[in-house]
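Got some structures for you, see below.
Below are two complexes that have chain A in common, paired first with chain B and then with chain C.
What follows is the complex of A and B.
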């Protein structure tokens, strides 16, 4: 039986997170949604996902801190895709320096995101 | 009863000042109780409203997602999709629910692009939401009008152009700003034609917002701005000068040279800055000839221009002004002179009495 891949999605916009969850589940991925960075770290430690999707700007713990925690404290090489808003180019550079795998600037196409996820996870 | 009578007698015996204090205390106590009860009521109402708002938001979110991912025949909406549109239409008259629906749509629309964005856009147009935004434009409350325009801009309703354009001279600047942003965000550079007849001041903040909006477009072909450069409205001239600088409008040089005689000093200084950016050498000679008639601020701007586009034949002019009373001009003159001809610079520097302020000279010498 084919093993389903786990994805942790950290996004504080509930409408967007629900949409992405719906879309990812349709593609056969098991998705765990966190509404802030703190929840995201808990889910990452608990679920050991195959991929992490995280927004940069989030309450409590930012996306950058999530990347740093995953790479430096947990010592995990899980691929991480970050979402950034327009004008956050500096943040994106910081995210790459911390170990992000890819990024998507908002507004983004969910179809394009799925293509990138498939490419990373195959 | 007895106690009340005792209190009444006591009160009547009191001097008038004390009576007043007692009455005032009683009134304030009653008011404090009323306000406390009112605040408690208000807080509860707001909390209930928040809870209700979250509840509806979740409800509409899941209905919206079902609508967006519903499988349907090519170009045709399914029954459940039509049902959702009807639901929205029925909720439109309820201001509270309408607000939540619009917020939910925008929350997603601002974050996604492609098919889903188009689907949300179509949903907005097919439901009665657009008509309600049109209604808001007719409100007597400026805040509602501004919100209506903003919503039409966010959902890219180009058909609202005639109604929105009428509001360009609205007395409240917040409304005018929304109109300007609507025009530019939907019609790009063509939307700037409101500048042709603009009589009202375009604030610095408005100008920044417009420039920020213009940066978002793929097509950066800006139309002819000569008309705006010649506007009688100084804020329009200032804005078009910013456009000339950002979009390198070399074809406007002739108009820019004429603007060196503009009545407003701020505009003249801004023109010098744009000419510097465009590296217009012709401007340099005109400015040098008019140097003595210019204000000190303009003289500084002229020297900043020279710093960027100096030539060897500027030497005499620079030497002449190297003892200028203004610190900034003197500093710039010495700095340029050192770059053009170090020998002349050293010769002047050796004439100890030539400069009143040796600190500037020593600073330029050592840097």
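What follows is the complex of A and C.
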């Protein structure tokens, strides 16, 4: 039996996070939503997800810090996709340097995100 | 001796020694350098004679030296300053120290202090300047502490200079701690980094010791050693004068605007109830009545009409005064227009038992281009006046061509009456507002005295002229001259023959979209008299829903309505429901008489329009005209999909979210609910944080809500949010924030409205 895959989604905009959660669950992924970086780290340590989706700019702990924590402190190789907004191109480079797997520039099509997720998770 | 001499030379010290006879025995080399005299030319008595500005003083000092050396007086060891006269005639300040040498010599050692002295003088001078200039001069160090304040601070702000040193300046003179911190930072940024900030550091409102406000205009410059100098001038008087002037100007402009707005609003507000009064009186008149009742009702109706004319006049005048009047240029038949006016006026002439004649010279072109409505209005006014003031005889209108050039004809309209006439000294004032020839005239003849004022203005707008001749007691002649473009001769179709007033039977099914309850009842009763069935919708949205359920023959649509206005509803009915429904004629009911409003109505897809308040005949005519088109084949279809209404939202576009939520209504409802919460939070944040200037917080919040704005397709808000985000992030151009926030808030209100409508329809 196929195991369901877990995804931790860190995004502070509720419309976007709920929409993505809905779409991801439609695709059969179990999705945990974090509203900020702090919650994201808690969820990551607790759930050991197969994939992490994180926004770059979030309250308390930024997406970059999340990546750094996952790669350096937790020593996890979980694939991470970061969401960036216009004008955050430098941040994306930093994210890649820290070990991000892929990035999506906002606004993006949830369909495209799902295609990318599928590619990473199969 | 040699080495000490070298030392003296190096140190630039003058050393002079005198023996007991007062003879100079030794002068150091430095003396030669400073005074310009060779040392040998200063020995003996020469020193006393040459180096003193006053020779007598030199000799006196010599005597003093002799007395000291012979122990008659003792040596005063104090340091003193004395100028020496140099060879080139200049003077130099020397600071002297006198002592007794080992061989009972008198030794004077002098240091050249001229440079220092000069500086000292300058300092004294600049201090005197600082003390006397009326501006505040401050010197601050890098961290903004005041290290020097000029005494003028006291004159302007009431504080002594030492009361504002250090941090005290910022604590005492600013209106608040925040303002002080902001200003301090902004000034330092400006001085040391050459960066401008949003705070005006060049004009500041400060507080005096007594708590009064003072406006200070500042100039800044860099000082030495990382200090900066601020020079402030008291411009309170200037600011106050400017402010007063501005206030006075605004007040004056406001009062004119307020007057015009008030008149326009009042007139509009009075028209609506008057519509009901006249309309229901009409309805009553059509019922079974006793002769007495009929008379009373007719009087009521006439009074209503008079009141309405009056209000229209006031409205016209206020429009004319605020230059909001629009003049049309259309081709029309002048003969026909003139005859219509005469037909209307004939009734009044008959009532008074006087004659009314129209003479049109055949040389007057019948097809002309101008504004027929305004020309009718002018003629109705002039002829109405003529009839009003004439009790015997009659009124004659003569229309004549004065000249014709390049397709432009100059036409004169002469209105001659045999009435009471105008007293010669009042003849010039008849066109002024609220004046009648004699102030008691209005008591006999009634009227507001506005008619001729409006006439005069309208004629000016049409590029024409009017003059009046009158003989008191015999009658007046008003002559209007208008330039009219000659139009093409058009073969006109006969207009619909007028129906007999009785036997009005229309039998249409009508949808009445109108928010005013009185108007609803009035129109419904009127239409039902003509055997129409009437459904009522209270606003555009309800109207749209009704058209989805039933195919009507005619839709009567008000323009201004809550929730959804007439334009919007028309657009949906004409485009989004079904082909069948799109063919239903829509008649706009509008109280606005302006051309742009009518154009907008027609552009939105309305087929015809009628002005409120409407007369039964007009309404009948317009219904007949639109309803008699080939009847629409009615095949009852299922109501159109709800989705089609959505496309018509003004602010939101849910296409993206509908697609992405795979059309699952529950998810969309959830998203909208969440978005409501976010919006509420964001609005609160805007309120609080803008006040407290927490730009970073604002940037974060704006950044956070941005994706939702685009997901909900709120394209109108996107640029506003984008630009707010930018400004909050960079903290630049912050003056624009207030107006952007206002814009943002008002849009969010509309967004919420539309989302609520959507929520309601999703939940149904």
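FYI, the second predicted complex is superposed on the first by the 122 of 122 C-alpha atoms of A that agree within 3 Å, B and C clash if a C-alpha of one lies under 4 Å from a C-alpha of the other, contacts with A are read in each partner's own complex, and residues count from 1 in each chain.
We take it that a residue touches a chain if its C-beta (ideal position, glycine included) is under 8 Å from a C-beta of that chain, and two chains touch if they have at least 3 such contacts.
Being a predicted model, the structure only gives us computed values, none of them experimental.
After superposition onto chain A, the modelled positions of chain B and chain C overlap sterically. By the document's definition of touching, both partners, chain B and chain C, reach A:22.
Of the two partner chains placed by superposition, A:60 touches none, neither chain B nor chain C.
Within the superposed three-chain model, A:12 lies in touch with chain C and out of touch with chain B [touch as defined at top].
In the superposition on chain A, contact of A:107 is made with both chain B and chain C.
The superposed model built on chain A shows that, among 94-102, 670-678, 688-696 or 724-732, the segment of chain C colliding with chain B is 670-678. Chain A uses residues 13-16, 18-19, 22-23, 26, 106-107, 110 to touch chain B in one structure and chain C in the other. Touching chain B in their complex are the following residues of chain A: 13-16, 18-19, 22-23, 26, 86, 106-112.
Contact residues of chain A toward chain C in the complex are 12-16, 18-19, 22-23, 26, 57, 59, 85, 106-107, 110. Chain C makes touch with chain A in their complex at residues 657, 660-662, 664, 667, 670-671, 674-675, 677-678, 700, 703-708, 710-712.
On the chain B side of its complex with chain A, the touching residues are 57-58, 61-62, 64-65, 68-69, 104, 107-117, 216.
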